[in-house]
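By letter and in written order, the chains are A, B, C and D; residue numbering begins at 1 in each of them.
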Amino acid sequence: MLRVSNLRSGYGKMVVLQDVNINVREGEIVAVLGPNGAGKTTLLNSIFGLATIHSGEIIFEGKPIHKMSPHDIVRAGISYAPQLDNVFPNLTVVENLQMGSFIRGNDPTIKNDIEEIFGLFPEIERRRNQKARTLSGGERQMLAVARALMSKPKMLLLDEPTAGLSPKAGASLMKKIKEIRDRGVTILLVEQNVRRALEIADKGYVLVSGRIIKEAIAEDLRKIEIEKLFFMGAQ
Amino acid sequence: MSVILEVRDVAKYFGGVKALDGVSLTVPERGLIGLIGPNGSGKTTLFNVITGFYVPDRGSVLFRESNDLVRIDGLNPNEVFKKGIVRTFQIPRLFNSLTVLENLLVTPLGQKGENPVRALFRNSWSKQERELASKAIELLKTFNMLHYVNSKISELSAAHIKMLETIRGLMTPAKLYLLDEPAAGVDYAMARELFTYVRKLRDEHNLTFFIIEHRLEILMEYVDYVYVLHNGKLLSEGKPQEVISDPKVIEAYIGV
Amino acid sequence: MIGFDIVGFMISWLTLFGIYAILSLTLNLESGTAGITNFGKVVFYGVGAYISATLTTYLVLMLNGVNVGEKPPYSVDGIILLGELGNKNPLLNIGLLVLSLVLAFIIAGVLGYLLTYPILRVGPAFVGFTLLSSGELLRIFLQHYEPVGASKGLMAIPTPFGWVAESRVREVAYLCLVLGLLALTYVVTYKLVNSPLGRTLRALRDDEIAALCLGKHVPRIKATVLFIGSGFAGMAGVLLAYYLTSVNPNMFVPAVTFNVWAMIILGGFGNLKGSLVGAAIVTFVDRALTFITPQLGITVISPDYLRWVIVGLLIVVVLIVNPKGLFPEKPIKTPAIDVVLEELRGGSK
Amino acid sequence: MIPGMQQAVMNAFQYSLFYLIFSLPLTLSYRTTKVINFAHANFITYGAYVAILLHGILGSNLMSLAVIVAFLLTGSIAVINNMLVFTPLQKRGSSPAIVMISSMGLWIAYKYLLYMITDIANYYTTKNFVSYGRITYSDVPRGSVGGIDFSQALVASLVAASLTVVLLYILLEKTKIGRAMRAVADNPSLAEISGIPRALIINLTWFICGGIVGVGGVIWTSFSGAITPEAGDSMILQVFTVGFIGGLVSLLRTGIGAVLIAAIENVGIAVLNAFFGIPVSFRPFLTFATLITTLIAFPPLGAGGGLPYRFLRRGSKK
């Protein structure tokens, strides 16, 4: 469904990612694991047209998307929940969700979808008419994921959705991500929290210092000590 | 070893966000000290407090001046620099329209030609200027960057930009260097080279380094001691090996 | 084109060029090199002009024993008296010129220094706006302040060379004075730009925060630059007042500031030679329009308005098409370059 | 009681309405587009001249007609400025200061273009458009209620200011497009990620902001006794100071700023005039003093930079 091949990208002249190859099949949860600063966010930004792509290509459903604007990429069916600055702080929770469905125009089913999403995230339903800036970190993460779902994407990019959450909240969010996949949305998940990610992922990539150093199905990854890879890198 | 920098119970709040919530730590002279922690743990805020960008809401920052530790919190950034603290930024802040040489030459304090009256009389400052230029050239030679001497910053690679930002402090008698993610965006080999230089500088010039770095695999190889910040508090500290195996650190980084 | 006075045209163009070039050189130092968004250049220009006008008219009358309480220089009597008394004593006239230049430099400079205080910590928009509105305030003040003639301004200002009988000689002498001061301005700005100070100013423009972190006292440096730039602008104002022999508040509209901006944008930010060329081109267009439009029989459109429209569009178009201007900024020339050259030459052997 | 105080309070009320109409769009346009638009004054003047030319050339006495034409014209000017100047500059990565300087260029060009238009209009009609008298409209009521005189200007500006506040509120809070405008202001990159067409939203913002200010310009012709092509310029000190009080972000604080500046100017100068004999024409000095105080005491660090420099060192010595 999504294929990233030989990607070399970064910001301006700064090259962050080198030779990155990633494959995501429909219906999968693919986790990209790696320590802080490894380039995980840059990978998602590259897919979403927010980073500078020096070479390589990104194909989504057979169409190259690495030259498209973020706006067109949303229309193509990908949605993105960034880790930071992921809500509109001065808009209410409901308004945030409505913004997520902007490309759907005046679709009458949006109202239903909002309620449905609140069904998935009852924690934020209680705060539906509050400004997003009053939300806690965990609630913001949920709102960000919820907002991204509102465009009815075929594929969802998630950047460390559980960062800064308590273990309990993190685990429950992961469960919800799995639920979202079961509703038919393919998920590319970037995570630092290896164990939590591998609980739900089908496949994983380990990204260290801008390079993929390991690719395996989740079961195999669970067996090795990924921490070592994190701290010591490939060398 | 005597302490060069001491942070005492520093807190900094932004609205309800506790960016720093009572952090105390010390940096010894000639140390190569790491500061790590997940995103948003308050590392850069701590640097900002030390260098005078922010006034801490509580606590104090002390810096060694001859034999005493004096308070430097609340000073303006330019005054902090004069005490002997140089910092670099996560996103390097060089002067983009100046050449590499000019970026180095702009750094030294007390240049005669910076006085507007003296600037009019070239003779009064040209000798000093030549000396500084020789010093800059020596520095560039040491770091294998002499061929870039007349290049604009935009012609440099990311690694060289990071390097230049670090070495421009050497144009002045600075004692403590605060480096904010020197290896970010630099490839592995260059990052190691950069850290090797840092170690060499420490050894040869008796400098002290306090380094924020996410790329632990590189950092851990070079530093003597590591502090770990998490949610504005000191989570752990110790020798690199101890910190890596500290369950609290693993939990903060990797999760349970 | 019958009776087209080419020499007269050249003299008037060059005089205007000289006055404006002083402004453009110093604005380029402030804004091009040091990055201060000075939208209030006209304040210091106007202050200089009014200082010389006020000083000269009052002193000429008073030293000739006229009671300025009864016959102030802006009254009809005063104007007539100024015409009679103004150009008798060469020494007095030249002395007044020197006094005006010195006072204008100091007062305009100090004003520039003081005006930086409230704006040191805020972004370029606020800096620009504060300076811009101080220009408007100056104009309102002048319009309502009776001792400087309120909205009529001051007229019949005795000129430094008023005692010279031959008008062409007088004009040329004045032109020499203007070009002399321009040369001084050029030398000073050139030396400042090509010095460690100039390097620090560019650093400040590129990244104020980084400069502050390298120990540069950014507020003080900015204030000093505005002192120098404003001082010279004050002197340019003196030259204007004597050239036109009259001043009034409507000469100092914000458009004057942007006329100078157009010059430095056209010539190139941070390039002094560019500022000279920019000033030459813009003032030439100005003079040419004034000379040509009446000859073409166009009376509907005032050349003044056309000029300002051109100035405004010039700013916009140059910024869009070629933001570096005609002459891009050059590296700073200090002895450091020689050291590098020696080193590189030595290295190749 | 200070003589003329009642009049001063009435004036303060009248001016606060004008400042509302002129400054709310300034804040709205900055926070959405991040452009400091010094050509804002042109919208006021062009709005006023729409009314004047309609009145002087076509003999129209209808404010409603002038309002419609002015809204369309000044709104379009704002969009054209954005499409031809601001957006190309921003796309090329020009600094906010450069974009701001370009708006200065636009300001000068538009202003003197209007002078040329007035000259041409004067040539064909032999009417003086460079200083045009107050216009009395046939479609705006006036009268006196409870001893307070409701002039046409007061009625019109009261209606326009209320409509501006109410309609902006409905637009921004209740409609999808308006929420998208707030979203773009709040977090431009997330807006883009969410698929909101930012360029379109920004153009729309310009159109609305330019249009509202133009309408204010039309109403100004029923208030000011002598309208010149500088009419807008004479108000930018006040309008920008009001905007700066709102930090160019908060519409609510901008509204408060409008009332505050109108009060300081009108009531303040009445007091100073009564006690110290300071001429009423010096009232902009009060606004300037407010501006300087705002900048020193609460330096707004947004709007393109700011320096972490403190003149008074707090907390360094205990």
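Rule of thumb we're sticking to: a contact is a pair of C-beta atoms (placed from the backbone, for glycine too) under 8 Å apart; a residue touches a chain by one contact, two chains touch by 3 or more.
Because the structure is a prediction, the values reported are computed rather than measured.
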item	value
Touching both chain B and chain D (chains)	A, C
Between A-D and B-C, the pair with more C-beta contacts	B-C
Farthest-lying chain, centroid of Cα atoms versus that of chain C	A
Averaged-CA centre spacing for the pair chain C and chain A, given as whole angstrom	58
Whole-Å separation of chain centres (CA-atom averages), chain A against chain D	43
Mean-CA-position distance for chain D and chain C (Å)	31
Numbers and ranges of chain B residues touching at least 2 other chains	76-78
Chain A: positions in contact with at least two other chains	none
Multi-chain contact sites of chain D, meaning residues that touch two or more partners	308-309
Touch-based graph of the chains, sorted into line, ring, star, complete or other	other
Pairwise chain contacts under the document criterion	A-B, A-D, B-C, B-D, C-D
Chain D contact footprint on chain B (complex, rising order)	52-56, 71, 73-78
Interface residues, chain B side, partner chain A - complex	38-40, 154, 157-158, 181, 183-185, 187-188, 191, 213-218, 220, 231, 244, 250, 253-256
Contact footprint of chain C on chain D as seen in their complex	36, 38, 85, 88-89, 92, 94, 96-98, 100-102, 104-113, 115-116, 119-120, 123, 233-234, 236-237, 240, 244, 279, 281-282, 284-285, 288, 291-292, 295-296, 299-309
Parts of chain D lying in touch with chain B, wherever the complex brings them together	308-310, 313-317
Residue ranges of chain D touching chain A (in the complex, touch as defined)	176, 179-180, 182-183, 185-187, 189-198
